[in-house]
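Each of the two complexes below includes chain A, the first together with chain B, the second together with chain C.
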Partner chain A sequence: MQHMIYHLRVIWACMNKEIKSALTERMGTIMGVFLPVNFLILLSLFALGGGLAPTAVVMQETGPYARQLYDAMAHAHSFRLQMASTKEARDLIQAGRIVAVVTIPADFDTRVQKNQPVQVNVDVNNLNTDFTNDIRRAVPLSITTFYGKAFPNLVTITPREHDFYAHDTDFIPYLTVSILVVALMISALLQAGIPAAREWERATIKELLLSPASGLSIAIGKMLGALVMAFVPVVVVLATLILLIGVWPMYWGEVIGFTLLTMVIFIAYGTLLGTLVKQRMAFTALAFATSLPLFFLSGALGPISFNVPLIQIVAQLFPVYYAIVLEQHAFHGFDLNTYGVGTNVMILCAYAVGVIVLAALVLRRSTVAS
Partner chain B sequence: MQPSDTIGYWLSYAQRYYASAFFEVLRAHCIERGKAYVITPPQWGVIALLSHDDGQTISTLALQLGVDAPAVTNIVKRIEQSGLVQRIRDREDQRVVKVFLTSEGQDIIRSLDQVVTAFNEQVLPGDQQQGFLKQLHHLIARVSTVTPGAGDRFGLLKDYMQQEVSQSTKSSPRMTPAIEIIDLCKTFGSLRAVDHLSLSVQQGEIFGLLGPNGSGKTTTINMLSGLSVPTSGEVRVMGYNVRRHAREVRQLLGAVPQETALYEELSAWANLDFHADLFGIPPKEKKKRITTILTLVQLLDRKDSPVRTFSGGMKRRLALGRALLHDPQLIYLDEPTLGVDVQARRAIWDYILSLRDQGKTVLITTNYLEEAQALCERLAIIDHGTLVALDTPEHLKQTYGGSVVEVETAKPTVVLEMLRALAGVKEVKQEGTHLTIVTEGINNVVPQIINIVSHESELDDLAVREPTLDEIFLHLTGTALRD
Partner chain C sequence: MIPTFLHTTWAIFKKDLAVWWRNRLTVVVSIIPVLGLLVIQALGAVAVGRSPVALVTLDHNPKGSQMQQIFHQADVFRLKDATPQQAQKLLQTLQVVAVVTIPSDFTQRVEAHEPSPIEVTVNNLNVDFTNDIRRAVPDVITQFYRAQGSASPLKVMIHEHDLRSRDVEFFQFNVLPMIVLLLTLNGLITSGIATAREWETRTIKEMLLSPVARSAIIIGKVLAGFTATLLLGILIFSLGAALDWTRPEGTYWVTSLLVLALIALLSTGLGVALGAALQRIQPVSALSTLGAFYLFFLAGGISILAFEPTWVQNVAAYDPLTYGVHALQMAVFYSSSDLLGRDVLILSLSVLAALGLGILSMRRGIAS
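What follows is the complex of A and B.
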């Protein structure tokens, strides 16, 4: 009992110390909030920017068929459309602000009604192959869609779609939940790893290593301190995702639980890496260098099960994958693997315990050079 | 063979004078088989020490042993009269068990494990041989060290005797050595930072560990506190093995690292409060103890100030106070006054000296020999990871330094070679009309120096002084301390 009280005191003291120290480092606190939010917004913008090709439509015809073609393009998930005059469109494409100009000719409706050939001019700034190919795919697709809707009797082959989920999930809502995980990862790693490395840089690690307290108590105390400090950034990131980007969670309880679990794992990782690396600059570089590849590797852009088997195996070695699976379930109700929520949670819990124990061992067995 | 020819006789004789458990241990090893053996180590060991016939050495011995000089003289005379020493030198006596009391001895002992040992004119059976050598090795590992002079050897022997006497007079825990470093080694790749280091620090002692940068003193300290793992050997603090009982050792140890290891962003109070929790100081006592310590280090009025606003001296004082907060038995201070102004240094010295009055053991590493001299009862000088010397500052000067004769002449002298040729002159330096002559003693040399120099030039001034610790250090390590 006496021992237990002592360990609890050490945990409490280390947690308090971490919080007090962190609060005195104002720039660090601000960065702790700013970085993950920045990550979330920037990656979302990157996805937005990379997903839709900015395109001007010159409507020389404003009849119903011309409007139907425009609507078909608007729902093609490939264009960010804007109407423009011929001159405006030319200026925009010459200024490099749009990828393509689609011109619906003045006799469009008449020719369609008479079943005569119509040429829809597409001017493409083919500087970017990705966007160029999007345009090359999406314009004919939009025309097909237009025909399917305008003349249902003429188009006899139509797809009959059976959706797995009740509603579609757009790329952005899917992606931003994955980005949430990487933002949590970055936030947790930095909140825990930087103070751990700072102990070495400022030699205060000696105060810890020379004390009779157990490595586990010290490590848990430090991690709890980091968890408390990471609370504000997490709330801000979640608020940004839910209120600003508009991704509403399906299961609130899961969001809170899985977010906490993800935080615990990466705070433990941060403590471990910070203790091993012993330098804040090197640790920060390492944190970013590992976070981004893990983010892309772990099914951030789409379910990893759609990927090749080797990548699936590699992805499942890292907790980011399971965190993304669970958060996607919490927000959208997706089941991205066949393990089930319980097993995914158990795997993450095992990771958490393992890394916490490892961090404690590394801390206690640390030695100073010379 | 006469009784006086035997080591048993001499050990008994010496024991009467010194009441030394060391001799008792040696007896146990050498005489338990009912025979008398002669100890003839190449490095002489105890007998060699006692057999010095130089008057200066005898008085030094007397000082080291804490007995009257006539008593030492008496012993020496008896040994000489018996011819034992000479016979040992000549190695004519075939009834020999070689006992080595230096590190070279240890090496030989180790090699003996692989050869047949003649013992009392008989070859020992393998098991007895191994057992005997093992016992010897154990004994020697505890008492021996690498030292170029007898004084240091004896310094260690004396420590050992004190330990053994303490232990034999009944194991009060207080009498356990505060620190025992036994055959300690630490290597970093191909670099051997600490090389078979053995020494012992008594409780209540202020002990200094000196050495040039890179000599291995910080590595030694780190191993002592558990911050570094020895490659081989053993470190004990208050009887606890540092590796096996790390937690107990940490509780007993108060550390003031060179970097102070204070959380500079936190207040003085918060630093001490955190330390109190880490060391399990009861919450009811915590506030009182912190207040007492802050009062002691004269920082109570700054208790809420962030440490980063403190001067170097204030930080040192706070670090010292923090080390004392959990009432440790052993306090180590790594460069306690590094970067501290003179006034603050004096204050810190006072604190350290007051620790001894409280019965604390203090281990100091320092680059300031003045500090070592002011604070330390004994000094260990290490270089290249090995112990070069171990003694009180005064004895170090006596043993290694001889005397320094400073002569001022009317004109530059040209008799340097004559001076260097004098027996007892170790070094002669000339700077203009100033001569500095380092001697082994002053008994007969000074008059000869005066004779030679005054024949050639008029003497303006002459002074004989004891060497400084810096000169001793330079002599022993070949480098200045702050190199």
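What follows is the complex of A and C.
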């Protein structure tokens, strides 16, 4: 019992020390809030583009068939359309404001009515194959869709869609939940790693290493201090996502629980890395450097099982992947893997325990000379 | 006077380069995000635009078989043939985005000119994947009709005219923005930290107490940062050329190197300004990284600017990296000098502004 009390006192003392040290470093505290929020905003910029090709339609014919074709294009899930004159369209494509111009010729309705061939011109700024192939696919399918509606006896084959979920979730509400995990990761890494590295830079770690306190108690105390300091950035990041970006959780309890678990894991990682790297500057740069590749690697854009096998395997090695799965469930009710919420939580808990123990071992085995 | 000035500048330049080389971790951490992104994109390029789909063919009569064949030939999916039960399992275990079913009476209905729906069950949790399916299935249907030749009911033909002489693969297209990101990141971090370090380690005192011109110190630091950043950029660009990703032709090598140099100088100037203003390594390191990413994403990042909302396009017009990326893409992919004058002018003016800011910031830091 006394042994237990002793360990708790060590944990409490280390936690207090971490909090007080952090509060004296105002710049670090401000950055701890400022950086994760900016990361959330920054990566959201990536999502703004969307997949709809900005396209101008030059309607040289304004009859019902031409309008039906325009309508088919508008519903092809491929275009962000605007009508324009020939000159306006040319200016827009040269200015880089649009990537394609579709010109419906003046005799379109007449020819379609007489079942005669008619040519639709498509000018494409074919900068890369990704969106260019989307346009090359979307224009013909718009034509098929147009025929399916205008001449249902001629074009009888149409897709009949059944959706898993009652409504589509737009790209930004989906992606920003994944970005939340990365912002939490950055916040936790900075809150834990920088103080850990600072101990080594200033050689104050000597006192800790020479003390009879266990490495585990010291590590847990440091992590708890970082967790307390991370409270404000977490609240700010969540508030930005929920109130500013407008993505409301489906399960509030899960959001709070999974966010806390995510923070614990990355605080443990931050403590471990900070102890290994021993330099604040290098640690900060490393934290940022690894976050962007990890973001793309960990199924941020969709279920990892839709990706190539190699990425599927690599992604599941990192806790970011499981954190994204859990937060997507908490916010949208999505299941992004077949493990179930319970198993995903257990995997993350195992990570947390493993990294905490590893951090304690590394701390105890490190020397000032190294 | 001039020889002393040059001698001092050279000494500062050598010193900063030596310190940069000793802190190789800084170099590594500015390369990691870029190389990491390139590797992930290279691995994932196969999956771009082609979602995993299960195809259930219940009609093995002529039209059903033809439709099945066209689904396979269309190359719009990563397709897997399955029975209904297998397809259902694949969908529920998230192995496929959608199940496409050719119904058993498909041939009969098509020949009778009756509505012949193709059933598409899609996991619509992500609108990006979902819209890929919503485009791809009608695309296959279109190909089915086109395969009828002159008997096809589709009389509307497309005449495509491409503005660019060649298509550039998605992955290859993204290499240049990544190189620009690398230059910006490295320039900001290297120069910013090199400058801030002088204050944080108090070595600025020795410099100021010495009888050397302040401008020699500043120019030496800027040159060192620029050299380190440009060398890194040229190394990665050359590696891209060797792999046939970023290989300009003839004189466009000169254009490309000029643009790389301007971007390196721009980021160096900004880094020196930031380092002198903040005078502490840790905030400089963090803000340099953040600043580099903001400049990068506000210039369109790895997407096409035209796809971005209007406000982003308007902001991008003031972001010098927009012009750097454009100039490089024109030179490398299309051997074109399209708007090169504009791009170089804006980059040059931005460089002057950044260097001016850097010099001013250092002078103020020194004076204080």
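A few notes on this one:
As a working rule, the second predicted complex is superposed on the first by the 259 of 370 C-alpha atoms of A that agree within 3 Å, B and C clash if a C-alpha of one lies under 4 Å from a C-alpha of the other, contacts with A are read in each partner's own complex, and residues count from 1 in each chain.
Rule of thumb we're sticking to: a contact is a pair of C-beta atoms (placed from the backbone, for glycine too) under 8 Å apart; a residue touches a chain by one contact, two chains touch by 3 or more.
Fair warning: this is a prediction, and the values are worked out from it, not measured in the lab.
In the superposition on chain A, contact of A:Ser21 is made with chain B only, not with chain C. Which of chain B and chain C touches more residues of chain A is settled by the count: it is C. Of the two partner chains, chain C is the only one touched by A:Tyr174; chain B is not. Of the two partner chains, chain C is the only one that A:Val139 touches; chain B does not reach it.
By the document's definition of touching, neither partner reaches A:Met1: not chain B, not chain C. Applying the stated contact rule after C-alpha superposition, one finds that A:Ala203 touches chain B and leaves chain C untouched.
Note: no residue of chain A belongs to the chain B contact set and to the chain C contact set alike, using the contact criterion stated above. By the touch rule above, chain A contacts chain C in their complex via residues 27-28, 31, 35, 38-39, 42-43, 45-46, 48-54, 69, 76-78, 93, 96-99, 111-112, 115-134, 136-141, 143-147, 151-165, 168-171, 174, 190, 194, 279-282, 284-286, 288-293, 296-297, 301-303, 305-308, 310-311, 332, 334-338.
Against chain B, the residues of chain A that register as touching in their complex are 6, 9-10, 12-13, 16-17, 20-21, 24-25, 202-213, 367-368, 370. Note for the complex: chain C touches chain A at residues 25-26, 29-30, 32-33, 36-37, 39-41, 43-44, 46-49, 51-52, 67, 76, 91-95, 97, 109-110, 113-131, 134-139, 141-142, 144-146, 153-164, 167-170, 173, 189, 193, 280-283, 285-286, 289-290, 293-294, 297-298, 301, 303-309, 312-313, 329. Across the complex, chain B meets chain A through its residues 193, 218-219, 222, 225-229, 247-248, 250-251, 253, 255, 257, 259-266, 270, 273-275, 277-280, 283, 306.
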